[in-house]
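Next come two complexes, and both contain chain A; in the first it sits with chain B, in the second with chain C.
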Partner chain A sequence: MTLGLELRGLDKSFEPENPVLRGIDLSIRRGEFVSLVGSSGCGKSTLLRIIAGLEQADGGRVAIDGREVTYLEPKARRIAMVFQSYALYPHMTVAANIATPLIMSRLHFLARLPLLGALAPGRRQVRSTIDRAVEEVADQLEIRPLLGRKPAQLSGGQRQRVALARAMVRQPSLFLMDEPLSNLDAKLRVHMRGELTDLHRRVGATFVYVTHDQVEAMTMSDRIALMERGAILQFGTPSELYSAPANLRVAQFIGTPSINCFPAEIDSAGTVSCLGRPVSGMVTSETRQRASLAVRPESIRLSARSEDVVFGATLRRIEHHGSEYILFAEPQGRDQLVRIRVSGAALEGQPLAEGQALTIAFSAADAHLFGSDDRRMDVSLFDAPVRLQSA
Partner chain B sequence: MRKFPSPLAGLTPLLSHLVLLIGAAFILLPFFWMVLTSIRSPSEIFSVSFWPIPREFYGWENYGEAFGMVPLLRFMLNGVIVCLGILVVQLLVAVPAAYALAKLPFAGRRLLFALVVGALCVPMQVLALPLFMGLAEFNLLNTYFAMMLPFFLSVFAIFLFRQTFKSYPDEIIQAARLDGFTELEICWRLVAPSALPAISAFAVFSLVAHWNDLYWPMIVVSDTKLAPPPLGMLFFTNAEAGSNYGALMAGATVLTAPLVVAFLFARRQFIQGITMTGVK
Partner chain C sequence: MSAISLPTDISRRRDRRRGYAESLKGWTFVSPAALLLMLIYLVPLAMLLALSVTDYQLGAVVTGFVGLDNFERAFADPVFQRAFSNTLLYVAIVIPFGVGLALVIAILIHQRRRTRSLYEIIYFLPVTATLVAMATVWQFILHPRLGPVNKLLQTLGLPETHFLSDPALIVPTLAAIGVWQVVGFNVILFLAGLTAIPRELYDAARVDGASAPLDRFLTVTWPQLGPTTMFVTVTTSITAFKVFETVAVLTKGQRGTEVLLYAIYLEGFQYFEMGYAAALTLVFMTFVLLLSVWQTFHLDRRVHY
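Here is the complex of A and B:
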């Protein structure tokens, strides 16, 4: 099976001492929806622009649908791109904006000249097929009534649709999207997320979607490539990234509220201890180093079981989120707030007040162990029925 | 407590209008005098009255004399040919140059732009002698081409357009490249139309400057048939109408009129073009 997009060893630097991309490898299946996600400056937009051909990589190869395109011009790559600012042509109507990619690819340079172009043979037939294609796409995106307007007369959401229509009209095998939702208000953004997913399913093309918003990436993607400082930290399905982060920084990036991190030590026998308490049932083969233990907010409980790691803590703040609560608790003797997610049902009949003492606990099975290089460490888990430490 | 508007508040706009009116009067006075003289009889020309209606309307005679003695229409045609020729080539050269300086990365771009800014500081007069000698060498004196050549490359236009193009969104240019526009199409079909206010402002500057230019035509043209308006007026004064001020002013009025009319038409775009840089 050919890949929808294949990247091999892409390097790019604008200043020699500060590379933007370092050896990016990525294989995306045909028809897959892949998000490139990371904080600003991680190189995700540069990577997208290299895929589009708007930027040349210093080294490495790009192949689209099994066809090497590394040195091809953007227009020869058979791709479409949706920009953050939509990048509609301001002086053209919506219809002209959507028709432009087809006019450019189907009409010869001379036939595009103003006035003179009207004399080109066959121009009228080509124009009428283009007009039909434009109307078809406009119907799909429900923007037919807008075809006669100029971009300045449209709302943000309408411009977004026009930009999508312009991308769809040439039926590319690869869609590139550079933060297309970031200029919309929160409600519309959630709505457009659903529409983009539908669109992807309907068109069946490969989508590469750049975003800094992990929620967008998690909700829409088949797979996510999480980038940091010009490298891909992890490439996997949303649930892989969430439940088995390959790197501490992946764990911290994915999930809201973000994951809790505790310093941990590993002794010569491979036993892990956290804040001076042994983590029962967790052993690793990589011994003697400092490490971090990370626990998702929903994995922290307010009641301890025998095998748990248990802290005494003070409740500092309660956030109501409707069906659930986020608690911020400060463990004794530590200047750190632990985020705990509890459902409203779990708290019923158990009123909490800020300043109150809590027992917080998690089990080794729910904890992720990361070495001093931030990489995930292999651990063996076994049931240790003996309670080693209490709060 | 209610605040009452100060009794002077209404005076402020009045005052500023008064100042503007006085300024406008100073600037318009010579034009007024020119038009007035062109319709006065020779006996009345030296009276200092500002009264706009002459005792004896002598307009027909003055204008008739002006058109009869020198080829006024020919001067104007020369002016149009020279000004449009200059403007067209200026735009054809400056728009792509400015686009390249604003949006295309290439080695030496900064140096080239520095040269453009530096060239803004070189007055035309410095180049007059070598240009004259070059034109004489190629036997091109006394041609329209000689009057236009030094102005084909306008660094001012390159500078002005480069500043305007700079603010054109990069993402639209990238979208255009993906859509298959060539760089020249991007330049002429997307970027240049967006800078229309700046381009029309420059066009007005250019047309006015070269319509009114006396210095360069005087150097390269001695043939009355090729003279643009100011040089034509000069020939007029020298030769036939040395003391016929009425006819002279009638000629001057005719030659100034096209510019005034053009300015009135393009006024809004002109103002938008030169204030634009401050607004954004």
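Here is the complex of A and C:
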């Protein structure tokens, strides 16, 4: 099966001493919805622009649908792009905006000229097929009544749809979107999220979607590529990124509230200890280094089981989130707030007050171990009936 | 009822008094600006109107009311008619070339990175130079025997050309100098317009297939420059209508090269016919005003979206 998009060893720098992309490799299946996520300035837009052909990479290859396109102009790549600002032509009506890609590809240069064009042979037939295509797309996106308006007369959500229509009209095999929802208000954004997912299902094309919003990435994507400083840290399904982060920074980026990190050490025998206490049953093959133990807020419990890692802590803050609570607790002797997610039901009949003492615990099976280079470390777990006493 | 009407009566009177105080305060705030506006614009305009219906001559003791005689005389005056058609020809050359050339130059400069400001300075220099002084330079450049232009024509085997004395060439030559003078300023205006075009629009056009320079120009640059082009066209035409210095220095209106402003100058300050000159000024102003208003409304409808 050919790949929808294949990137091999893409490098890019605008200033020699400051590489923006460093050896990007990515294989995206045909019809897949892939998100590029990462913090601001990590090179997402640059990567997307290289895929589109708007920017030339310093090295590496781009292939779309099995066809090498590294040196092709954007229009020859069978792609469409939706920009953050929508980039609609403000002087054209909605219909003319949507028709532009078809006019450019189907009408000869002379036939496109404002006055002379009317004389070109065959122009009438081509124009009418274009008009029909525009109306068809407008119907799909329910913007038919807007076709006669100018972009300035549209709301943000309507402009978004027009931009989508302009992208869809020439039926590209690859859709590129650079933060298309970031200019919309929160409610509309959630709504458009659903519409984009539907659209992806209907057209069946490959989507590459840039966002810095992890919720968008988690909810819409088949797979997520998480970028940092010009490199891809992990490429996998949303659940892989959440439950088996390959890198400490992936673990920290994905999930709200974000994951708890505790400093850990590994001794010469490969035994892991956290905050000075050995973690029962956790052993790794690598030895003698500083490490981090990361635990999701929902994996931290307020009652200890025998094999758990246990801390004494003080409750500092309680946040109500409807069906659940987020607790912020300060472990004794540490300047750190541990985030704990508990369901409302679990707290029933157990009233909590800020300032009260808590026992917090997690089991080694729920903890992720990351080495000093932030890479995930393999651990072997076995049940050790040793109870570690808290300080 | 009276028990109720009494307090409302008082409060209404109080309201009215407060209203006077309020409007007095308003007039106080407005008065400095209003006064300046009167002194600088409205009073001279009114005096011009008044003068234009008299036969006032500079230094004359008696001045009489002549009604619209001055205007009738103007439209029958062959000199004024010639000045009018000369000015129209001048404007008809300066607007398309002054705007079009500036647009081309601005687009070329805009693509430069490091040398952009150098070119900006070079093209802006004529704007800062005094036209009267530069006119003498042009006189030399275009001199039939000594000027470099004619030297060049000679080496190309072309006949000696009298740019500033051949009646058919004088107005176009003056217009060329006029273009030279306005282009720099227009280039700066167009550069500002070009800088304001969002980069994403060019990117979108490229993805849509408009990547050839002319396609890009027609899809993005030209429509986006609409408001700038309108402004440049209106200011250029006003500047062109006011052509004076080059005529005064280079031809002094001889050989039928009067232009409107020069004709007014002759009537008013050479022949001291102030009443007549005032009437000509009024005609000139009305014409420029009408043209500007027409341009603004006509272009405005096509430029703004």
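Here is the rule we go by: the second predicted complex is superposed on the first by the 389 of 391 C-alpha atoms of A that agree within 3 Å, B and C clash if a C-alpha of one lies under 4 Å from a C-alpha of the other, contacts with A are read in each partner's own complex, and residues count from 1 in each chain.
By our rule, contacts are C-beta pairs under 8 Å (C-beta built on N, C-alpha and C of every residue); 3 or more make two chains touch, one makes a residue touch a chain.
What you see is a predicted model; the values in this text were computed from it and never measured.
Colleague: Label the relationship between chain B and chain C on chain A in the superposed model as either fit or clash.
Modeller: They clash.
Colleague: Report for A:Tyr89: first if it touches chain B alone, second if chain C alone, otherwise both or neither.
Modeller: A:Tyr89: touches chain B and chain C.
Colleague: Looking at the overlay, does A:Met104 come into contact with chain B only (first), chain C only (second), both, or neither?
Modeller: Touch partners of A:Met104: chain B and chain C.
Colleague: For A:Ala80, is the partner it touches chain B (first), chain C (second), both, or none of the two (neither)?
Modeller: Both partners, chain B and chain C.
Colleague: Answer with first, second, both or neither: which of chain B and chain C does A:Gly333 touch in the superposed model?
Modeller: In the superposition, A:Gly333 contacts neither chain B nor chain C.
Colleague: Which partner chains sit in contact with A:Pro351 here, chain B, chain C, both or neither? Use first/second/both/neither.
Modeller: Neither: A:Pro351 stays clear of chain B and chain C.
Colleague: In the superposed arrangement, does A:Lys150 touch chain B (first), chain C (second), both or neither?
Modeller: second
Colleague: Just to be sure I read the superposition right, which of the two partners does A:Pro16 touch: chain B = first, chain C = second, or both, or neither?
Modeller: After superposition on chain A, A:Pro16 lies in contact with neither partner.
Colleague: Could you give the residue numbers on chain A that contact chain B in one complex and chain C in the other?
Modeller: In chain A, positions 49, 52, 54, 73-75, 79-81, 83-85, 87-91, 100-101, 104-105, 109, 112, 166 sit in both the chain B and chain C interfaces.
Colleague: Would you mind writing out the residues of chain B in touch with chain A in their complex?
Modeller: Residues of chain B touching chain A: 169, 171-172, 174-182, 185, 190, 193-194.
Colleague: Inside the complex, what are the residues of chain A that reach chain C?
Modeller: The contact residues of chain A facing chain C are 49, 52, 54, 73-75, 79-81, 83-85, 87-92, 100-101, 104-105, 109, 112, 114, 150-152, 166.
Colleague: Considering the complex alone, what residue numbers of chain A touch chain B?
Modeller: 49, 52-54, 73-75, 79-81, 83-85, 87-91, 100-101, 104-105, 109, 112, 166
Colleague: Which residues of chain C touch chain A in the complex?
Modeller: 198, 200-201, 203-212, 214-215, 218-220, 223-224, 226, 305
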